[in-house]
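Paired with subunit B in one complex and with subunit C in the other, subunit A is shared by the two complexes that follow.
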Partner chain A sequence: MNELKTMSEQAPDSPERRRFVGAAAAVAGLAVVPGVMLYEVADARPEEQPASSAVRWGMLVDATRCASGCDDCVSACSTENGWTPVAQSAHPRQAPQWIRKLQLEDPLTQAQINLPMLCQHCAEPPCVDVCPTGASFKRADGIVLVNRHTCIGCRYCMMACPYKARSLVHEPLNDTQKPDVPRGMGCVEACTFCVQKVDRGDGTTACAEACAAAGHNAILFGDLNDPESEISKRLRELPTKQVRADLKLNLGVRYHGI
Partner chain B sequence: MASITFREVEGSSLKYWLLFGALGLFVLFGALAWNHMHHYGHVVTGMDNQIVWGLPHVFAVFLIVAASGALNVASIASVFNKPMYKPLAPLSAILSLALLAGGLLVLVLDLGRSDRLIVAMTNFNLKSMFTWNVFLYSGFFALVGIYLWTMLDRSVKSWTKAAGTAAFLWRLTLTTGTGSLFGFLVARELYGTGLLAPMFIIMSFAYGLAIFLMVLAAAYAWTGRPLGDAVMLRLKTLLAVFVAAVLYFVAVHHLTNLYFTKAHAVEAFILRDGGAITSLFWIGQVLIGCVIPLVILLTALGRQRSWLMIACALVILGGIAQMYVTIIGAQAYPLDMFPGFKASSSYFDGEIHAYTPSTPELFLGLGGVAVALLMTAFAVKVLRLLPVSLDDATVAKLDQH
Partner chain C sequence: MKSLLALGAVVLTTAALAWAGADAQPKAGGAPKPVITKAAKGEHCVEDTAYMRRNHMKLLNVHRDRTVLQGVRTKKHSLKACIDCHASEATGSVASAKEDFCVSCHSYAAVKIDCFDCHSTKPQSAAATTLPHAHPASAAAHVEELAGVSQ
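Right, the complex of A and B next:
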């Protein structure tokens, strides 16, 4: 199986091949859109350099700005990462959903809240604790991932996740897979914080981009460890909560307005 | 000490080969079911992203739990020095190995990537209960294997007690590990309690003994060897104690939850509103699995061999119902991420999740049962595991020592 390993700092295989692919892409890119490529190459983390714990990637979701009926973040995630939208799936109960729109209603007051639910990228992830092979792992920069090569599909992580954030790939995948987002039948998967974009130096995720493009700006992605980052500044101003804070998992995703 | 003659069963009768063939057929069906699931993916099962562990896990965990319980009779003989049970110890040991093999086979063949078993054998995360279980299962095979060897080979007979004690302690740890697979899960409302470990141990006593009694009675009836009432009645009383203890643990577990307001909703689901799950709990687990067997075992009915067998069968069926309620029931109830709110989403948040097992899942599970029984049937043919006679006179002589 030709699976790229940009997701995993654990398996830095064949740097030559990756450098070659990178160089080829850079040359092609230079020919087409020189400005964009130069900017991105300058900002990206070099391949030899592992993810650093100096950075902790995180997300702020402002539920007060999340529009009812809008699922642009979900569509953008599906497009970026190559999973079939649930509406197009022949088996909706078995279809993977990396991100979903959750509608909450207070039965007493009828107050409604909309928010996107995704992997919360816990600092103390229960999925990583229970994984028998170590396929579930947390990168130094806080991103929780599944190593596609060592996941045996036991689904213990799905039993352990308090956020129902993970999916098993139940059926053979069609050829819509993205080259930098490896997936496979029988393996468990979840939101990766668009690790391929992060490692390219985009500094954001597909869902955050789509939410901004729709004018809602309910999702903000950034470095929680950098006090000058926009997300850190906003988190200082806005009161936020962690979902199931009682579990003390120290989540990478914080919600305002819940 | 009175000597007991062990002999292989002849295993050349038509009846034996019919049994062998029938079990083999179920093993074949199980293999075909696995092939189907492996080829098309879990999409052909009733499992989904809500109910991630289905019927194969029910069978697998039941067999693994019963496996350690089946070793009981041997433990009583070797560890607690009850000579009356010594003639039964070899069968007890082989049955426990066979049940564990059957259960593990179902467990690994239900993996999303069962072809990656070698990865599970070479990559370990020591914080995972699953990893610990891999070591516990391997150790169990090794220790019970050695224990069986000390029973069958006169030259190492003096090691029987040491090996038996090691196996006994290991099986307690193993079932603690199995119970902790669920006990160590923080996310689900019905799990996350240390009570599950001792509860699984006592369940293993009951299920393992019930299976042992049925296999013992069948083996003696089908080979025409004498099996007296003395042994059966003693084990009958023991089974009643174990079943009562299971009922006690189940009651304590639910009463604890009923005291905490936060667990009221999930308890209402299991005990009152859960439809099939509620029926399986009250009718399957409690009535069929505990109450009726207790009535049979504690009254004069239990002195009749056929009623005793019925009680054992009911304990086994109740055990499977219990595993179903524990494994499927806990997943069917939605995760409560936002207490106090009603949740809904395209991912079925806030809904009770339905689950209908598919045919391949059923046959994979039954295949595991068939593997266990086939191994046992084969072992008693090639090894000297069964005493030629267990009539009351023979057993009485043992008991005097």
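Right, the complex of A and C next:
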């Protein structure tokens, strides 16, 4: 409350104050009724409004902050989206993986780089190009998804993806799915940028939340089209790379420090 | 001769129709009627019951495409909202036991649905408190049930 008072002494329409009030409203919404906060968050799209191409969701991974041996992003993804962690799978070599932790080593210098690898949400996705049924598609806001109602499990998209980001569900899931994340045997799946959270207006993903909670802050999620968003500002400041930039796929995930 | 044949055909057809009609009468101890339990939550459905019985699949199809392709997540006509209200109080699910809301009618009507190959059969809150693999028996029963329906 004290903070509110000091803020109100500033110019009434200052952007700082408006941002603060917005954040306070969001927090209040969270505290009172989780279901109602949808309407409180400033960025939330009304639920009857389709995803818009005015937004392009993207991610910035700061590999210099990504800690060796930490896989909090992977376990958070597994918990949020209901896929079995690879270590617990009966068939680890074919188990679905929406996000993987990689450790790379330069053979000349032995310099090590840690990074999470996930669907890069390309602007020109090869998985969409090759899909024979149109099940693999890019949503208006840049999120690349699989429509499981039309996926026939042919796995062309898995072959086409340069990032090895997609998996096929080989085993029946026996009603262990999350209500928000339907998944099923015989369908290809991959990172969805936590589309259920994005549509809810959370404006973040499970992996980004977990990374921040662990204190690493290596993952930043946001709107690449909004020049004022945190991710756009950081992308302006930091030199970043696209993995396999030579393919000219215009990736939604950018890496710093690789 | 021709007229005699025609007469014979007419008699046979009438007899066949009469026989078929008699067979269509409900017999005592015939196929068991579906158990339709009233929704645990809510006063009434989002549409009239009669309309829903005929058209729920069309509403679900339209809504599913709008949700998957465009990210429209309105509650009315969404499968999640159906499950929220219609999950049975005994199993907490719409499709894990024979009497559960979805399975009951679909097995009676011999309609195979594959919604629950991918979608959770439990409401959000119940599924959140239930750990994965907590009910292998009920899940197996559900799979058997669906297999039975397809036969």
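Note that in this section the second predicted complex is superposed on the first by the 213 of 258 C-alpha atoms of A that agree within 3 Å, B and C clash if a C-alpha of one lies under 4 Å from a C-alpha of the other, contacts with A are read in each partner's own complex, and residues count from 1 in each chain.
Note that a residue touches a chain if its C-beta (ideal position, glycine included) is under 8 Å from a C-beta of that chain, and two chains touch if they have at least 3 such contacts.
As the structure is a prediction and not an experimental result, all values here were calculated from the model.
**Q** For A:L104 in the superposed arrangement: first (subunit B), second (subunit C), both or neither?
**A** first
**Q** Considering only the touch criterion stated at the top, classify A:E47 as touching first (subunit B), second (subunit C), both, or neither.
**A** The answer is second: A:E47 touches subunit C but not subunit B.
**Q** Touching A:Q177 in the superposition: subunit B (first), subunit C (second), both, neither?
**A** second
**Q** For A:A67, using the defined touch cut-off, is the partner it touches subunit B, subunit C, both, or neither? Pick first, second, both or neither.
**A** neither
**Q** Check whether A:D129 is in contact with subunit B, with subunit C, with both or with neither, and answer first, second, both or neither.
**A** first
**Q** Return first, second, both or neither, reflecting whether A:C187 touches subunit B, subunit C, both chains, or no partner chain.
**A** both
**Q** Is A:M158 touching anything from subunit B or subunit C once the two structures are fitted on A? First, second, both or neither.
**A** After superposing on A, A:M158 lies in contact with subunit B but is clear of subunit C.
**Q** Using the superposition on chain A described above, determine whether A:A212 touches subunit B (first), subunit C (second), both, or neither.
**A** Touch partners of A:A212: none, neither subunit B nor subunit C.
**Q** So, does A:A140 touch the first partner subunit B, the second partner subunit C, both, or neither?
**A** A:A140: touches subunit C, not subunit B.
**Q** Spot which of subunit B and subunit C makes contact with more residues of subunit A, would you?
**A** B
**Q** Considering only the contact definition stated at the top, list the common interface residues of subunit A for subunit B and subunit C.
**A** 172, 185, 187
**Q** Which residues, counting only subunit B, touch subunit A once they are in their complex?
**A** 40-43, 47-50, 52-53, 111-114, 116-117, 119-120, 123-125, 127-131, 134, 181, 184-188, 331, 335, 337-338, 340-349
**Q** Under the definition above, what is the set of subunit C residues touching subunit A in their complex?
**A** So the residues of subunit C touching subunit A come out as 64-66, 68-75, 80, 83, 93, 96, 116-124, 127, 132-133, 135-136, 138-140, 142-143.
**Q** Quick one: in the complex, what on subunit A touches subunit B?
**A** For subunit A paired with subunit B, touching residues are 74, 86-87, 91-97, 100-107, 113, 117, 126, 128-135, 150-156, 158-164, 166-172, 185-188, 243-244, 247, 258.
**Q** In their complex, what parts of subunit A are in touch with subunit C?
**A** 45, 47-51, 82, 84, 137, 139-141, 145, 147-149, 172-180, 182-185, 187, 195, 198-200
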